[in-house]
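Next, two complexes with chain A in common: one pairs it with chain B, the other with chain C.
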Partner chain A sequence: MSLDQPEPIFLGGTVGKSVAKPDNLEKVQGRAEYIADLYRPGMLHGAILASPHAHARIRGYDLSEAMQAPGVVAIITGDDVGEGRMGAFIKDEHAIAKGKVLYVGEPVAAVAARTEEEARHACRLIKVDYEELPAVLSPEDGLAEDAPILHEQLADYIKVFDAGAEGNLCSRTELSEGDVDAAWAECDVIVEDEYTTQPQAHVSMEPCGALAEVDPNGRVTLWSANQSVFRVQANVCESLGLPMSKLRSMTPRVGAGFGNKMEPHIQPITVALAMKAKRPVKLILTREEDFEMVRARHPFRVRMKTGAKSDGTLVARECEVLVDCGAFADDSPGVMGYSLLMCGGPYRIPHMKASGKLVYTNKLRFGAFRGFGNPQVLFAGEQQIDQIGEKLGLDPFAIRRKNMLREGDQWFVGPRIGSNGLGRCLDAVERASKGSRADGSPRNFGLSVTAHISGLLGTGAIVKMLEDGTISLNTGATDIGQGSDTVLAQICAEELKLPFDTVAVASPDTDGSPYNWGTTASRVTYTTGRAVKAAAKKVVDQAMNHAAEMLECDVDDLELREGGRIGQRGSNSDVTFAQISGRAHWAVGGPLVGSETLVFDEPTHDPKRAIALGLPFPRIGVFSFAALGVDVDVDDTSGQVTVHEAWSAADVGRAINPRLVEVQLHGGFVQGLGYALYEEMVWDGARLANPSLMDYKVPTARDVPDAIHTYIIEDPDPTGPFGAKGAGEIGLNAAPGAIANAVAKATGARHVHLPLTGERVLAGMLDPGGPQD
Partner chain B sequence: MTEVLSPGTIEEAVAMLAEYGEAMPLSGGATLIAMRNAALVEPSHLVSLDRISDLRGIDRTADGKIRIGAMTRHCETAACAELTGSLYVLRRAAGMIANRVVRNMGTMGGSVANADPAADYLPALACCDAMLEIAGADGRRSLSIHDYIDDWYETALAEGEIITAITLPAPVEAPSTYRKIARVSGDYATASCAMALDPDGQGMRVAIGACGPGPLRDRAGEDALRGKLGEPAAVAEFAGKLVAIADPVDDVRGSAEYRLRLIPRLVSSVLSELTTQKETA
Partner chain C sequence: MMAKKVLHSLTLNGEEVQVASAAGATLLETLREDLRILSSKRGCNQGVCGACTVLVDGKPVRSCLTLTARCVGHSVQTMEGMDGDQIMATLQRHMVESGGVQCGFCTGGVLISARELLEDNPSPTREAVKTALSGNICRCTGYRTIVDAVCGAAEELSQ
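Here is the complex of A and B:
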C-alpha cells in the first residue's frame, strides 16, 4: 500500500542515506566503553555461586569460611533480598534464589571482594544446605498428574498477564477464526506433522555484566549491559523493594543483546551486593555462566495441520504448541502468544485455530530471542506450504503468491496491516535466484516468507536546540550495536533539515531520558522514530514562531531551509537556528525543547472475526514482510548442509539507513542459519552439556555463503516515520523454513526436527520416506 | 601462582620437570593456558619449551626421513613443502586444525602430547607410520605412533617425559589426503579419515580419527585388501572391520551411531578421491 500523499523526502537530507555509524571508529579502535571498561573509586568485583541442583529447597547457608577468605567484603544470599519478585508477565522471580533453587546454574549466593579471583575463590567456600527435590525436565513431565510443582505460591503471585496459570502451567493461549473443524471437509489436500525445535543461545559478543554504586543518601546508580534502562530499573526495584526514584539506570556501549538483555540478568544481584558492601561492585559473567544463567530461545513442540483446495487455495490451518518456559515466566507468555498469532504466516487462511500451553520446567528461563517464537512455527508452516504446492504441482512462488495477504486484509485475530510489500519481496527473490548456478549446475532451492511486527508499548523523545542551533536528542532507547542512535539522529536531522552530524544522541539514562520500553520487538526505528519526528517537528514549530517575530512576518509565509535557517518564502532574508536559539535562551520565550511520548495503541484483537483467549499483546504493531530464498549443498558423505547462496528481500516500509537494514538482514540470516543447521543447547540430565564456545558452535565466517544478497523493498507505512517499519528480526525468521525446504529439494526428505545436523540429514538421505529423528 | 621456567636445552627441561612434581611442559599454550584459566589444571611450574632450538624445524635426515621438531607450529606444518605424496596427508591435517589463530600457536608436540581423541594429527600420523622421539630424565627413546595411545587421554608418555620430535618415513610418490567432518569450520572433528595409497595404487593405509580413544587402523585388513581397491564389496568389508574396532562416544558433535555410519562413507569417498587423483596424475 502506498501513502495517499507520499511524504515529501527532503532531497539532500540524511533519511535514505547509508550514513556511517558515528560509533564505528571507536569500536574498530577498541576504544568503545563497555561494562568491562568501567571503574569506580573503591570498586569491588563480584562473583556468583550457581546452584548445582535442578530443584532443591535451601535449608540454610554457612558463609563463615567464605567471609574469612582473603579480600571478601560482602556476601549476599536469598536472605538478603526480601520478598520482592519481578517479571514482565508474572512476578515469579526473586533477585537471587530464595527458599528454593529451580535450575542448575541459578544464582544462589554472590560475593563482593577486592578482585574477581578472590570473589570466585570465596564462592567455592560457601556451603549451602540443600534438600533435593525431584525435577521437571520437560513440559510433558511438568503437566503430568503427579509432577513436582516449581512455584508453590503461583496463585499468589502478581500477574500482569493472567492466562490460566496453575500447577506448572504458566499460561495458555487459544486463538481461532472461522470454523476449522468443519473446514477440513472442504480441503482436497491436507498435510499434518509434529515438529520440534531446539533451544538456541544468544551468544552476544559481550556477556552480561553490571556495575552498581550506592551514594551516601542510599540512591543507587547502576550501569549495565541491557536493552532497556527502564526495564532494568523496574526489575531491580521490584525485586529489591526499592522505589523507582531510588535507582538510576544507565548503559555504556552494549555488545549486542538479541533479546538476552531485555529483561533482568544480574543487575538485581549486583545492586544487592553494592548495597551490602557499601562500595561499588562490578559483576561480569563468564561465557559459561552467560550460557547457564541467563536465558535462551524456547524449544517448541509444534503440531501443525494445513489444508487447501485442489487449486492451491489455502482453507484451514491448525497449530498446537507446547512450550518449555524454563524456571521463570520472563517473556515466555508473550513469546508463545506471539508465535500463535504468527502461525498462519502472511497468508489468507479463512479457518484458523491456534492453541498453546507454556509449562514451567527446571531449566534456565527461556525468553526473548530475535524472532520471538516466529521461527519455530514458520519452520513447520513454511514446509507445509511447500508440501501442498508439491502435491498440487504449484511452485513455491506460485502457491505463496496465490495465498498471500493483500492490501486491506487483516492479520489473523484482527490487527490492521498497513503497507504490505510481500509480493514485491517474492518478485525480487524470484528474479535474482532464477536459473542455475554460475557453473551451470542446478540449484537446491528453498523458499520461505515471513512477516513480523514492529511496535508495542511506550516510547518518547526529547529534542533540544542548543544555544548555537545544534541539537541534542534524548530518547532512552539503547543502541545495542544495531545503529538505532544513527537512525534516530537521521530522522531528527531530516525533520529539522540539518546535517546529520549536528545531532548528538544522549546515552540512555532513567534520570534524563523519556521512557522507552526497550530495544526489542523490532520497534525502535518505528515507535521511537515516530516520537523523534514529532518532537523535532515541535522544535521546528517553536523556531518558526521566533522567526516570524524576528522577520516580522506571518508564520505561514515562512519556510524551513536546509542547514538550519528559516526564511520568508520568495525572499533571501532568513534567520539561523543559532540566532533563534540565542534569542530563545537569553531574551524571549525560553530554550527550545520539543518532546513527544506515545504508546502503540491499535488493537490486536477484532472480536468480530476472532476468538482470543490469553492474548498477551492487546496492542501489537505494524507488519513488515520478507521473503528468503536459499540454495544449499548437501555433502554426500556426511549429510552436512552448506548454504551456497541466499537472497533476502524485506519490506521495511522505508529504509532510513539502507546499509543498516542490509546488515540486519545479513546478521539475521547468519543467526538463523546457525539455528537451522548447528546451534543447540544440549542437556545432560538437568545440566547443560555444552555451555562453552568450544562445544556450542555458532557459524563462523567460513560457514556462511559469500553471497547473501539483500533487497530492500520500500512500501511506506502510513504511520511510520518517513514510512519506516522494523527490520531487526525479520531477516532471521525465515531461515529454518527456507533451509528445510531446500534440503527437502536436495535429498527428498522432509525434516521435522531442528537443527538440521549432518547426522539428521544423512539419516534422511538414506531413508527419505522413513520417520525422521 | 604458577611460575614459568625457560630452559635452553632438552636436558634442562626434563631435569626441571623431574625436580618439580607439579610442573607441566608448555608448548604453544593453546590448550594448556585455556585449561589453566578454567582451573582444570593447577601446575606449580610451567616449563616453557620455547627457547629450546633442538625442538624446532622440519628437517630431512640422511636416510631421507622427515623429522619434525616438537615445537613446530601447525601453520608451519601446513605450509611445509617437504610434506608431499604419501606425507601430504599430514600437511593437509595441519591446515584443518581449528583456525588461523590456533594454528599460529599450537605445536605438533603439544597436540600429540595432549592426545585429544578428536585431534587431527593423530590419525594423520598413524596413517604415516610415524615414530615419536621422547626424552625423559632417564634418557631418550623412540616409540611407534601405533603404541602411543593407551586409553582415552592416556598415552605411553611417562611422568616428566616430553616429546622432542616426530619422524616420518621418507615420502614416496603416492596420493594421500585427510578428510575432516566437523560441525562448523574450526571445530574438532566429529570423525576424520587419513588415507594414503600405496605407490602402485594397489593398496592403501587408512586411519580414522575421533571414533575411539586413538586413531583406528587395521593393518592386517589393509594387507588383505591389497589388489582389491576397485571392489566395492571388499572395501566395504574392510570398512566394516574398522567399524568393529571403533569405540565412539555420544557427544555434542554427534552420536556414536552417526560416527559408526560415517566410517565406511569416509573410507569409500576418500578412496575414490585418491584413486581419481592417481588416475589423472
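Here is the complex of A and C:
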C-alpha cells in the first residue's frame, strides 16, 4: 500500500539525514577494536587441526607428542565435548568433530598455547587415527540409492524444523498456488531451462575469531566476531551442554559478516579450550581457514519454466531446485525454503509451483549469505522474463510493468505486502538509463527487479533516560559495520525529539541487552527500529506524566518540544528532560526506562490460496523492492565482461539515513558483480582448491564501474519505524540476473551457468545457441 | 621449535624502540604481538588485501610480507603515529563524512595507500585513485564512497 501522507515526523530531527556513523572516527584513526585486537591477562592463543578427509570415522587420537610441545597448555578433541549438538533448524553439529569428520577442513582438535605459532606447531603433532569412508561430493550423489550416509543418527536429532529429513536428504519444501499443470495449455509462449550457480565465499575482511575466559564459578565470558550475541550464546550452550545463564556473550567491533558470522564458527571450540586450559584463550582464523572451515553461499541447480499469453501476461511458473547443503544443516533449510518463496519474483503469476530438495554432502556447510537464496533463483527467473519479452516484442521495462505486483496483492503463498514502490524503482532506472552512452555508442543494457523481506523473529529495545536527560539505548543488535547503531540512535532521537548525539548506544551483551535474534534478514532497521521507537515512546509518556505534575496541568495539554523539553500548549512554560529525570531519579516514581519487545507475527502462509509443505518461515516479514539496470562491455577477444555503468533503485520505505542506504546498494551491487562474473569456490575432489585471496578473486577498486547510480524510493511501510523497511540485501540480489541479461544483449547468447567468466561468454559469442558448460 | 627471540631496533612512530621478536617474524607479527600496535590488521597474511599496510621510511609496505629484521634501523609509521599529518587528517575527515567507512577493517590500509597517492599526485583523476587503491580490498563499500572521499580530500588540499 502506498501512503500519500507519510506519518508526520518531527521536522528538524535526524530521521532522513545522512549523519556520519559515530564509529567512523575510531575506525579512521585505527583505534577500533576487533576480536583479534582484544587481549586478556594470562591469555593463551588457540589453533585448530583441520580434517584432511572428507568423510572418515575417528578411531582415536594420540596427543602425547603435542602435549609435550613447547608452550602447550590444553588440547581438546571430540572426546572433550559431550553429546550436545547445535543448529538453527536441525541440531546436527557438535562443537568439534566427534566420532566422524564430514568435510576437509572440519575442526578435529584444537590447542591452546602461549603463542599462536606454538599452538599451530602443536596441532601438527597431533595424530588422529581415521578410517576413511566414501564421500558424497554432490547432491545428486547424495540422493543415490547406495550413497554413503553422513548423519547416521539423523532420525534422532532434535529438529526445530522437520521437513522430510531422511538419509542424506536434509529437508524438502513444496509450495503451490493455482493449477500449474493445467495452466501450460493457456500459455502462448513458454521458456524453460536448467541453471547452475556456484558457491561464493563471504570474504568479510575480518576473518572469524573468538576470545573466551572462565571465572572461578565456571561462568564463561565470550567475545567474538558475530552477527548475534544471542545466537552465539545459544549455539555454544547447546553444543557444550551449558545452561545459558552460565555464558555471557559480547561483541567488539565486527569486520563485516554478510551472513558468515550469524551462526556459529569457532566460538564453541574457543570456549571448550578456555574451560580446559582454565585461562583465557583467543582463537583467530587465518584467511585460508576462514574459507575452508566456516560457510559459503549455496550452489544451486535450478530448473525453471515460465509461460505467458501472447500479450505478455504471465500465467505460470514452475521452479525446482536441488541444493547442496554441505555437511551440516545450518541455515540451509531456511535458504532453500526462502528461495522457493521468492522464485516467482515480484510478479502476479496465478499458477505457481515450487519445490526443492536439500542434500547433505561432504563439503563445508553452506549457509546464510546476503541474498539468502534469492540471487540464485533470480538469475534464472529474470532471464526468463526477458526471454518472454523478446519473443513477444516487449521491452524489459514493459513486460515487468505489465506483470508486477500491485498495491493490495499478496506475495506467493500469501504474505501481506505492506508498501510497494517497485513501479517507481522501474521509473527511476528507466529514466536515468535511457538513450545511449555519453560518447553516443549504444548501451548493452540489462535489467532485473527483485524483492526481499525484512523481518523475522524476536527483538527488543531498552531506552533509559539518564539523570541529566540524555539517553542510553540498548538493543542487543550487533552493528557489523553497516551502521545499525547509528540508524537505531536516529530513530530513538527522532521519537524523543532530541539531537542525535544525546543518544548513546550500548554494545550488545547477553547480560544487559534485550534479546535480538540477529543482524540478518535485512531486519534490524525494520524490526529493532520498531522496538526502539515504541520503547522511546514509553519514555516520552512517562516524562509527560512527570511534566503534568510539575506544571500542574493535564497531560493532554502538554507537547513534546525539540531538544528535551515538555511544555504546555500555547504557553512558554516548560520543563526539561534533566529536571524531569532528576525528579524521577531522586524524588518521585523512579528512573525513566522504556522497554519493548516484539516478534514478527504476521503469517506467511495463507491456506486459502496456497499449499505449503516444509515452509521454514511461518512468519516472515515485510517486503522491500528494487530494480537494477546495468550497461556492460564485453571484450571480443577474451569474452571478459566489465560493467560500464549501473543504476540501482530501491524502495526502502523510508531511508532513516540515506547515505547508509546508498552504501548498502553500492556494496551489495559490487558483491553481486563479483558473484556474477568471477567469484567461485572450486573443489578439486573433496578439497577446496582456492582457499586464499590469491586464488579467489574479489572485486577491487579497478573492477567496479565508477558510475553506480543509486535512487532511494520511499514508499513508507505502515508498520515500519517512520515507514522504514530493510535495505541490507536487496542491492545484491538482482546483480546476476541484470548482468546476464546485459550479456545476452551484448552477445546474443543466453547463459545458464554462473559465474559469467570470460571463457563462458566467449564460447557463447562463438556459438550463441551451442551447449554450455 | 620455539623460534628464538632476537632484539630488533627500529624507529616506530618517531620513537626509538627495541623489540624482541622471533627471528623470522614479520613486521605485522612484531607490531601486533610484540608491540601491541593494533591498527594494522591481518586480513590475509599473504600480501593481497592491504589491511596490514604501514609506512616504512615513508613508503607504504605490506607488513605481513615484510620481515622485522629488514626494518632494523628504519622508520616505521602506523596509523597510531599519524597525528598532525595534514594529508591524513584531511583524508580521515572526508572518509568519515562520505560513507567510505563501513566495518572499518580495511580503512587504515586504504588511508595509508591514499595518503601516498596524494603526496605524489595532489590532483589525481578518479582512475588514478582507483589504481592507487587497487591493492586494498574492501568488501563493504563497493569503493564508490572511498574514491569520493579521496577525491574530495585531494580537492580540499589543493585549494
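We adopt the following convention: the second predicted complex is superposed on the first by the 770 of 773 C-alpha atoms of A that agree within 3 Å, B and C clash if a C-alpha of one lies under 4 Å from a C-alpha of the other, contacts with A are read in each partner's own complex, and residues count from 1 in each chain.
Definition applied: a contact is a pair of C-beta atoms (placed from the backbone, for glycine too) under 8 Å apart; a residue touches a chain by one contact, two chains touch by 3 or more.
Small disclaimer: the values here were computed from a predicted structure and weren't measured.
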Next on the checklist: Just checking: does A:S638 make contact with chain B only, chain C only, both, or neither of them? Give me first, second, both or neither.
Outcome noted: first
Checklist entry - On chain A, which partner's contacts cover more residues, chain B's or chain C's? => result C
Checklist entry - Touching A:R702 in the superposition: chain B (first), chain C (second), both, neither? => result both
Checklist entry - A:A587 contacts which: chain B (first), chain C (second), both, neither? => result neither
Next on the checklist: Tell me the contact category for A:L762 with respect to chain B and chain C: first, second, both or neither.
Outcome noted: first
Next on the checklist: After the superposition on A, what does A:E117 contact: first (chain B), second (chain C), both or neither?
Outcome noted: second
Checklist entry - Just which bits of chain A does chain B share with chain C as contact spots? => result 698-700, 702
Checklist entry - Once bound in the complex, which stretches of chain C touch chain A? => result 1-3, 22, 32-33, 36, 38-46, 48-49, 51, 78-80, 82, 91-92, 95-97, 99, 101-108, 111, 126-127, 129-131, 133-147
Next on the checklist: Residue numbers of chain B touching chain A in their complex, please.
Outcome noted: 99, 179, 181, 183-187, 190, 252, 254-255, 258, 261-262, 265-266, 269
Checklist entry - Which of the residues in chain A come into contact with chain B in the complex? => result 636-638, 640, 678, 680, 682, 689-690, 695-700, 702-703, 757-759, 762
Item to check | Residue numbers on chain A that touch chain C, as the complex places them | outcome: 18, 20-21, 23-34, 36-37, 39, 69-71, 115-118, 121, 202-207, 253-256, 258, 284, 286-287, 480-483, 659-660, 662-663, 666-671, 692-694, 698-702, 704, 706, 708
